[in-house]
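You will see subunit A twice below: alongside subunit B first, and alongside subunit C after that.
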Partner chain A sequence: MMERVRLEGLSKRFGAFEAVQDVTLSIFEGEFVVFLGPSGCGKTTTLRMIAGLEKPTRGDIFIAGKRVTQLPPARRNIAFVFQNYALYPHMTAFENIAFPLEAQGVPREEVQRRVREVAKILGLEHLLALRPAQLSSGDMQKVALGRAMVRRPQVFLMDEPLSGLDAKHREEMRAELKRLHIEIGATTVYVTHDQIEAMSMADRIVVMNEGKIQQVGSPKEVYLHPENLFVAHFIGSPGMNFIPLVFLGEGRGFRLENGDVIRHETMERLAVRHGVRECILGIRPEFLSIAASGEIRGNTVSIEPLGYKNLYAVEIAPGRIIRVEDMRRERFSGNVSLAVRWEAACLFDHQTGQRIR
Partner chain B sequence: MVWRVAKGILITLALVFFLLPIYWIVATSFKQWPDIFAIPPKFVFRGTLVHYLTLFNIRPEEAAKFGQVGKSLFPPRFLNSMIIAGASTVLSVALGTFSAYAFSRFRVRGENDLLFFILSTRMLPPIVVGIPFFVVYRALGLIDTHIGLILLYMTFNLSFAVWLMKGFIDEIPREFEEAAMVDGYTRLEAFFKVILPQALSGIAATAVFCLIAAWNEFFFALILTSEKARTAPPSIAAIQGTSGINWGQIAAGVTVFLLPVVVFTFLVRKYLARGLTFGVIKR
Partner chain C sequence: MRSAGKRLASSITRLVREFGETMAEVVLRDVEKRFGKIQALQGITLEVRDGEFLVLLGPTGAGKTTTLRIVSGLEEPDRGDVFIDGVRMNGVAPRDRNCAFVFQNYILYPHLTVYDNLAFPLRSKLWRTEESEIRKKVEHVARVLKIEHLLHRKPDKLSGGEQQRVALGRAMVRNPRIFLMDEPLSNLDAKLREEMRVELKSLQKNLGATFFFVTHDHVEAMTLGDRVAVLNQGVLQQVGTPEEVYEYPANVFVARFVGNPEMNLLEGFLEGGKLHLRGLALTLDLEKVWKGGELPSRVLVGLRPENILLGQGEAVGEVYLVEDLGADKIVRLRVGETLLRVRVPKEAEFSVGERVPYLLAYEKFLFFDPTTERRLG
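Entry: the complex of A and B
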């Protein structure tokens, strides 16, 4: 696979605030990479640095093998879709889409042809004569996409492009974006704080927090094999359950907060190998179930029926509430015991928050 | 109902208050000499164009009746007003827009102090600097020159233009020029192609204010000009004949003098009403 974008030790400081710290990443041709993280995690700043709208404090950016760190946005051959669309209000949809081509001095007939071609893909043909103020927000978003597509850039950069739409349109546009990506195979870097968008569209997700990359991986990887407590908690809704354990030694198991001891050979071996004492067991709600004789005892606090499943809140130690998804219709209450699907459980070092594997 | 009637009365009163002087001047400019002084004032009278004809030297022989000696100086001075007010407006709006853009978009060191300094030039009454300006202008040979008054009016209006335009440009989302820059344009091109069209309403409003200020300026025009570059305001005030103040011609001069500002404001009213950009950007 050809590398399309490379970030090397990219950092950005605003005064005393380290917005982005030492980001190193390769993005390959045709890939759809999503930067995901809470607000202020540095994902948008990173995107803006790739675009050239923000100058990095340190580090380098390469696009198609060429170092572009010092180049202005115009010379990077990228397209940027803004959160607020940023359509030029004094131009029609057609003129908006044609605008980047005019900068390149493309002949008029070709501009016509290419704008119509893009409009056709996006289903905008009947709206080309309208001004942005006359368009619905979904159509504005499509025009913004058209403006990005028309020049066939090296990379598409998108900054939360769906956040201005209502839930229904967002879902439609999500599918539309996915379709476009498959159709034109464009390398895309997409920023969002919405994990559903990230999970549903990304080839790879870059999870960021406090200016640093926490993990890079496929949606499945970041969901099932989070590298650290932040990723484990941030991905998934509700996030992963964290159960503090004290390792008692090989063959003696782990002590839970309520004093019970649980045994699991593989986990114990991991703990021995890394020499940890205090650790955290991470387990997603769907990998816990209510069983006759499970490993963890608890008391149900609440039940949320979700139709095809029930979501329980179970108190396993004073103040320690974990979430359990149970697929059975039957409702449980009072004292229950929980069975752990160990193959889907993760062990984290309590000190560093890193996954032990 | 009561409120609507009261509102109507209030609006009528306000209109009378503001429009009566203008009516008075316009009416006087068309009155024959005796009617101008009639008490009680005449609202119905036989009109005449004699004051306009003498003002523009079309029927100079009539002027002698009012004691005027020689030709009326109004036409060249009216032209001076146009040149000086027009040029200073163009300059202050252009410089003001660029400075405002810089203040709005770039991290300027000491931005607030600089902006305050710019505003502070408006804080003293112009008359205070009248004599220093006279001395400096005399030394520089700028007395009674067009460029002298143009620079002066530009300086006075610039602070106003910067502040007003900064407000307008702050309202234009940065994403517009960022989008244009990503689309392949330089910042300057983005400014002209995207920001400027968005700023037109602000530019129109600023230009109206600058034009009115420069157009009506009296004091500096009086002390810094004498012949060549004298503008209309001090010139109108000085219309006198041997038999006293020529009220008819003064009224005609004032009426003509009012017109350009009215016409200009009328022309840009489309831009003054904002709304061109309304609802385009989601916030």
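Entry: the complex of A and C
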């Protein structure tokens, strides 16, 4: 696979604030890479450094093998799609899309041809004569995309392009963007704080927090095998449940906060190998179920119906509430016991927050 | 002047005490509200029962906030009545309605500590509460909301969730029986919103108070509400339990607004005891899919994404897109020109371009009249 973008030890400091710390990453041709994290995690700063809108304090950026760290944005052969589409209000959709080509002095017929080609892919053909004010927000975003696509850049950079849309449009555009990527296969670096967008669109997700990369992996990897507590909590809705355990020694199991002891050979072996006493069992709500004789006792606090499943909040120790998904229509209340699907459970070191494996 | 004020204060205090001891039920009857040319609310009749968590759900501009403001007394209806515990409230000042209002933008006093922010409503001249009494109440509320350790901090030293809890606490100290909440969670990030959802729901149950809660987020509505009232363009569309609204939406608007991803809606026409779904090139025996009475010749058939099964059946579609949502996946299946949204378990593996058989769960079909958009049967 051809490397399209390479970030090497990229850091950015604003005064005393270290916005981005030592980010190293390769992005390959045709890949859809999503930078995901809460606000202030450094994801947008990283994107802006790739675009050339921000100068790194340390480190280098390569695009298609060429070092571009010192080059201005216009010479990096990238296209940036912003959150607020930044369309020219007095121009038609056609003129907006054509603008970058005309600025480059591309001949008229070629401009016509390329704009129509892009409009066709985006399903904008019938809207080309309209001005931004006459378009829906979804269509405005498509025009902004068209303007980026028409230049055939090496890399698309997108900064929360869907966040200006309402929930329903966002869902539709998410699917359309992903489908578009499957069709044209353009290398894309996409920034969002929305884990569902990241999960559903990315080939690989780069989870960031406090300026640092926490984990890089496919949606499945970060969902099923989070490297640390931050990733485990941030990915998923609701996030992974955390259940504090005290390891009592091999053959003796783990003690829960309510004093109960649970046994699981593989987990015990992990704890022994890692020499850990206090640890955290991480388990996603759909890998717990309400069972006649489960390992963990609790008391239902609330039942949230989602239509096709119920989401339970279960208190398993004073103040310790975990979430359990159940597909059954029947509702369970009061005292319940929860069965753990151990093959999907993670064990974390209480001290470091890192996953034990 | 002064004694008149005193009299007023004591009569209000008495009023509030009385309210505090009785039920807390809100009734809107035929409420209309117009702002200039815009008809904000039309014929709203709605009952929020004592001790109920009622969620008013709708898109931006539906009239949700106006409804809440009319209950609180911040707006007066043009027509119709508002009752709290059977007492007509039209014309009664907001502070005399024993409702607490929690806004989207909780405004805490930045120069006051959490303790003083919580105590503020009690220190108002109107209530004349003793400091020792105030301390008791503030500490009680702080305990319930688990913010005891924050009492001496200023708001700028709190996280978003903590600030929201303080705002809630300030609404609680006066011990109102009715809480009016206008998108109180919408400024929080996704994670915090989930956590606050559970807290809010159990808080409401513990207090036994009546919550009238406004949101545009259907997940929030489904998960919080004992009942959900769906509002669109100033008109109430449906009132029901979350399950009712999800499984038996009253009309196309509710069907599409509630649920994620959206319900599949397919155009169908009836002929000689058969239902033709042209988009899918599918013909079904009507008696298999419809047990009700007479249907119009054209219908819209609604089917939730989880009611289409992949990997079985005779009809075939092409996988157009797979979206991994973590706990489950959404497959967009192309059949001719139609894209079906299908919810599949997380373990299911499908790849784009693959041809896959699919089966529609006939017993889950919903029928809508395409003209009135109402659900039939």
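Rule of thumb we're sticking to: the second predicted complex is superposed on the first by the 355 of 357 C-alpha atoms of A that agree within 3 Å, B and C clash if a C-alpha of one lies under 4 Å from a C-alpha of the other, contacts with A are read in each partner's own complex, and residues count from 1 in each chain.
Keep this in mind: contacts are C-beta pairs under 8 Å (C-beta built on N, C-alpha and C of every residue); 3 or more make two chains touch, one makes a residue touch a chain.
No experiment lies behind these values; they were computed from the predicted model shown.
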Combined model on subunit A: subunit C and subunit B, fit or clash: fit
Subunit B versus subunit C as contact partner of A:P100, first or second or both or neither: first
Which superposed partner A:R263 touches (first subunit B, second subunit C, both, neither): neither
Touching partner for A:D166 - first (subunit B), second (subunit C), both, neither: second
Which of subunit B and subunit C A:N84 touches, first, second, both or neither: first
First (subunit B), second (subunit C), both or neither touched by A:R67: neither
Touched partner set for A:R331, first subunit B, second subunit C, both or neither: neither
Which superposed partner A:S39 touches (first subunit B, second subunit C, both, neither): second
Superposed arrangement, angle subtended at the Cα centre of subunit A by subunit B and subunit C, nearest 10 degrees: 80
Touched subunit A residues, subunit B compared with subunit C: C
Touched partner set for A:L306, first subunit B, second subunit C, both or neither: second
Contacts of A:I235 with subunit B and subunit C, given as first, second, both or neither: second
CA minimum distance (subunit B, subunit C), superposed complexes, angstrom: 16
Residues of subunit A contacting subunit B in one complex and subunit C in the other: none
Touch list for subunit C against partner subunit A, complex: 59-60, 146, 189-191, 194, 197-198, 201-202, 205, 216-217, 219, 222-224, 242-243, 246-247, 256, 258-262, 304, 306, 320-321, 323-327, 330, 332, 343, 346, 352
Interface residues, subunit B side, partner subunit A - complex: 173, 175-176, 178-187, 189, 194, 197-198, 276-283
Residues of subunit A that touch subunit C when the two form their complex: 38-39, 166-168, 171, 174-175, 178-179, 182, 193-196, 199-201, 219-220, 223, 233-239, 284-286, 301-302, 304-308, 311, 313, 319, 321, 323, 325
Residues of subunit A that touch subunit B when the two form their complex: 51-53, 72-74, 78-80, 82-90, 99-100, 103-104, 132-133, 137, 147, 151, 164
